[in-house]
């Protein structure tokens, strides 16, 4: 089957050139669920483009009766981010225009002045499908209302315009998968929301971070949070529903890298997930082991206690015990005649999941992160 | 009187050099209130250093019995920010290390898991002074508790370390004044919190923004917000108190500029404010007119509807009517053979309070802001 | 008359989007000279786009018999440069990829291993027109030879590819005009090459810098230098020729600004120049005064002797005497308890022609420039 | 033996803080030669700091009679460069103030308006030692003359001030070693000047680039070039002398990395070189194989022929034949519905010596470099 291909304009540049995003849509013969998969929201996190390329190639090889519903794929979803450079470094993590983290700009319906309690009262006795449809309608109406309010003279900031484009393509999806990588050097893992732990295993990854603490307005969170709020309020009203709506962020390896192992894992995991969700008629791979989920608020981050040069830093994936030497700092402090070396020990037991790719630090720069008891 | 002078180390750099902040403290013979004044939290917003220089010079000329309490002055309060360059541009608005806006990193006691209701119950019958003292003690204890929890091996991010230093110097103040300027080209104005409108006029500025909407974790807000929360809860418990605690952000002119008019206004306003607060034994200037306060959520921002070159943009301070032409965009869109000029009309009546200093824009970049009915 | 309009692709971006430059060509009914005019080679120097817009509008209003030869106009000639941002600052003075100054990358035929002495021997007895034609042929052949050598697998750096595109459009011109502005805040002036002083006045500007010292590989210089080398060698062989080939860089006002006065001056000067060169059948304006040419190696630059805040800096256009106070630095040096103010006096008599737009400096940053005896 | 330790101030910052460089001097009991070794001129090239640390530790363990002459060591020789960040990337390759490549700013005596022919005439009959002493005196006098001409009001740009400091410490050395690394990912190699090939082997590295083509004003080149010019002119006057003056740039591994293997190689090579030069009384290691020197103008660089994502790129150190696939580009060009993969074959036989560390490219970005026949 061949996808529908659409180019959506996202920005005219000062020069008069235009940036666009490509949208590949595979439409199954039957089924009405929707999966939305994007890659490269942060400029340096490019690996997902290769995953999407493999997905397109694979889906091209299927017949349309092997796909249920609609699968939307957006590689290179942030041209501004991926094209940005300082020397050869990919520095497109933040908007150059307003400093916003590209993954903290999204609209969360539940942050609007809306009365979800009222919605619950009115819908409590309807079927799960009806409630899901009605709530989606409310979300889309409110979203449209906000679009309609944009004054053509005032315009909108690029961050807002851009988020509106991505969310207009994804708000009505059932499954949202946002493929990132670490910005530094990292193992593969995913972000999992509370009440969606059961599906995490389908991605066949060893580790996940359980989102028990939100930064706010991330793409996955802005999509799923309203549904989680609704589920909670329904539950308080003694109606326990888990809607067929999920959001995932995959972290596949390191920034500025296309690690082919990570590409394979990402591809395999997504295919398996879509099969589990009955959007692909493929045999499901039963995970050999459960994805170990680490509560976000328990993750330990290490920062340089002083400026200098890092030596002998342990690598991502290393299991460590309390007291193990994680790294050394060699400093030529101007207050000391002799250069000094400080050994930094681990205050934690666990697994190192990511490490900074720069071996020189100013005080307070990031060194590495640990999944405790990982 | 001469101030106490102290240097506080804030960061050792990779090179082994050290950044410090200077703290000037003028201690009056009597009085126990504290005013804390800092400048240059954002790298480009340098004007406040000149204001503080004028304040130091002026306070030097007073006797210690002309000052009541303690006045703490920190110019160049963010060395990392002010030293940062891209070409000759001051780009230090965000931390280069983690992308955080330097003025969105501060700790807000009321965001902690603390039971203010319980505090209200226990303190409701005490005097205003006692309540203020007890609440301050709780804030400082919680702050210290967080400092104590920092593991020396894990360290802390520079953003967190830096905020801890500034807040350790200011959390126990009565009056906090954070001198900024616009990052672009701007008139002089201030930010005023709800329930503090009465004091705004003492600064003798024409305009202010009324903070009816928070971004979160700004320096002024993180300082005052816990007190506003407490006041609200006391009020709900039928005890109406306005504590002798205030926070102000002054916006004195434009980024990368020391406008001497703005320096004079800032100096005069602060002296007058401190006199009004009885920290200086000087004659109070009665404001000729009240500071016009514009609710933050009513401010109108204009963004470029397409990329190109800005011509004939109106200047900050211009009064405008709906339909007035605010600016033109000259575009050489690659989709059009002939270059185009678009006239952008105002959708609002009011006063232009700031305008971008760059006459070229990509779509969605900031153009200007309007105080409606200003 | 309407121009021919052509879009030339200059770069495919990581995202798959494409940057192009627009080429407007006005072809007169008769005449075979060529003028080539471009704008915005440095990202922040946008004013020339407005000048070219005014030129297009004006030429549109002429009949094709009012134009002799070919006038080629390229606004927004460097999309990479003009679109680049750090916050709202236009930082596109250097290539983000290799750090090259966009105006130091151009190919200079005379730097090739070519035997111009031999050319002189063979052509010494030909007419001026024949020599000019033969030398141009040699330049274009060598240029083509270099293009032909590019291996498709090895590719070329973007700097090289880009210069090839601009030079393929301009090497065969008679008159090259490259419209810049100062990157800081500046009066209007031009750059004039030796032996071309006579034509400078036609641009009707008060000041010019006489290029008696080259940086190397600037656009204007790379174009004209081979001709100047040839003229010198012919002169040594007792044949004095000034070829009908000229190159000019106009500096119209300040960076990031479209100063409408500068636009008018630039437009008027170029029209007058083209009239003087008989490419436009318009009445020539006789300059009221000659352009004062300042030898490049006599210009005086002032740099901050220490870090701090600049106050009371004189403005561009100010006439100054030796000993005049140019500016003050307010410093909060950590080695001094009291802040210090240093007055910097002028070591020169002349006119201030540009000043930095940032009022804060690290030691060694640029403050202002003086045309001595200007 | 313990070194003399000196801190030299290089810049006061806007904030009032100061940057310094540390100078470690080991003075042997006897001998009058001088070796000057610095590290980290480019911000990302940090490995040399670890090499210098190992050298300091080693020299500390020697007695002063084991050292002949003076060994000067400057780690962290460019604080501005090493401290600079964009996110966690070390972007300090160019001065943020003027865009100059930190290693293209140095003063070359032979570029001055000096008459070396005259020097040759006057010195031709003196001994090698006398000529060397006289020429050094001329260099130092001219250098001092330039310093004396600096007007305190005009000041100098930071680039010039900084170069003056480093060159005042090194111009009178016999041996200059500047420890860099590649800015990307690279094997270890060195830069060798013509007529100094014999000494290259002492560094015990497999590869070197023979400097048959100069960029101009690099640290090593600015130091050695005047001597090479003198040697050439003496040779033309039939006096063949190789002065006891050498300059080396070592490239030890990759940017932002302290590869411990590279540290060991660098340390071992420098110790061996100093032994060969009789500055250390240690047994000389005879190189097992000669350093293979690749003429600079034969090196092949590969640049992306279009924008996209790099996959399957060969690694540094790989031997390749003509026709081998070097890498693939995956592109989502907006002009093509289906994503495309291009295989790039090698046009050269040799060894890949460095590769870019970013797997995403805009057209014209660097991919890798090949030492042909390496």
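As written, the chain order gives the labels A, B, C and D, with residue 1 at the start of each chain.
The rule is simple: a residue touches a chain if its C-beta (ideal position, glycine included) is under 8 Å from a C-beta of that chain, and two chains touch if they have at least 3 such contacts.
Only a predicted model underlies this, so the values are computations on that prediction, with no experimental measurement involved.
K.L.:
If you tally the C-beta contacts, which comes out ahead, A-B or B-D?
P.N.:
Of the two interfaces, A-B and B-D, more C-beta pairs touch across A-B.
K.L.:
Determine, using the mean of C-alpha atoms as each chain's centre, which chain is farthest from subunit C.
P.N.:
The most distant chain relative to subunit C turns out to be A.
K.L.:
Using Cα averages as centroids, what's the distance between subunit B and subunit C in whole Å?
P.N.:
The mean C-alpha positions of subunit B and subunit C differ by 42 Å.
K.L.:
Measuring centre to centre with CA averages, how many angstrom lie between subunit A and subunit B?
P.N.:
33
K.L.:
Measure off the straight-line distance from the CA centroid of subunit B to the CA centroid of subunit D, and report it in whole Å.
P.N.:
Taking the mean C-alpha position of each chain, the two centres sit 46 Å apart.
K.L.:
Find every residue in subunit C that makes contact with two or more other chains and list them.
P.N.:
As it turns out, subunit C has residues touching two or more other chains at 13-18, 20, 22, 76, 82-83, 85-88, 93, 97-99, 307, 309, 332, 334, 360, 362, 365-366.
K.L.:
For subunit A, which residues are in contact with subunit B within the complex?
P.N.:
Result: residues 11-18, 93-94, 97-99, 101, 151-162, 300-309, 326, 331-335, 344-347, 360-367 of subunit A touch subunit B.
K.L.:
Inside the complex, what are the residues of subunit D that reach subunit A?
P.N.:
Of all residues in subunit D, those touching subunit A are 5, 7, 20, 22, 44, 46, 49-50, 53, 56, 75-76, 82-83, 85-91, 93, 183-184, 256-258, 260, 307, 309-312, 330, 332, 334, 337, 339, 341, 356-360, 362, 365-366.
K.L.:
If we count contacts the way the header does, which residues on subunit B are in touch with subunit D in the complex?
P.N.:
Touch residues, subunit B against subunit D: 13-20, 22, 76, 78-79, 82-83, 85-88, 96-99.
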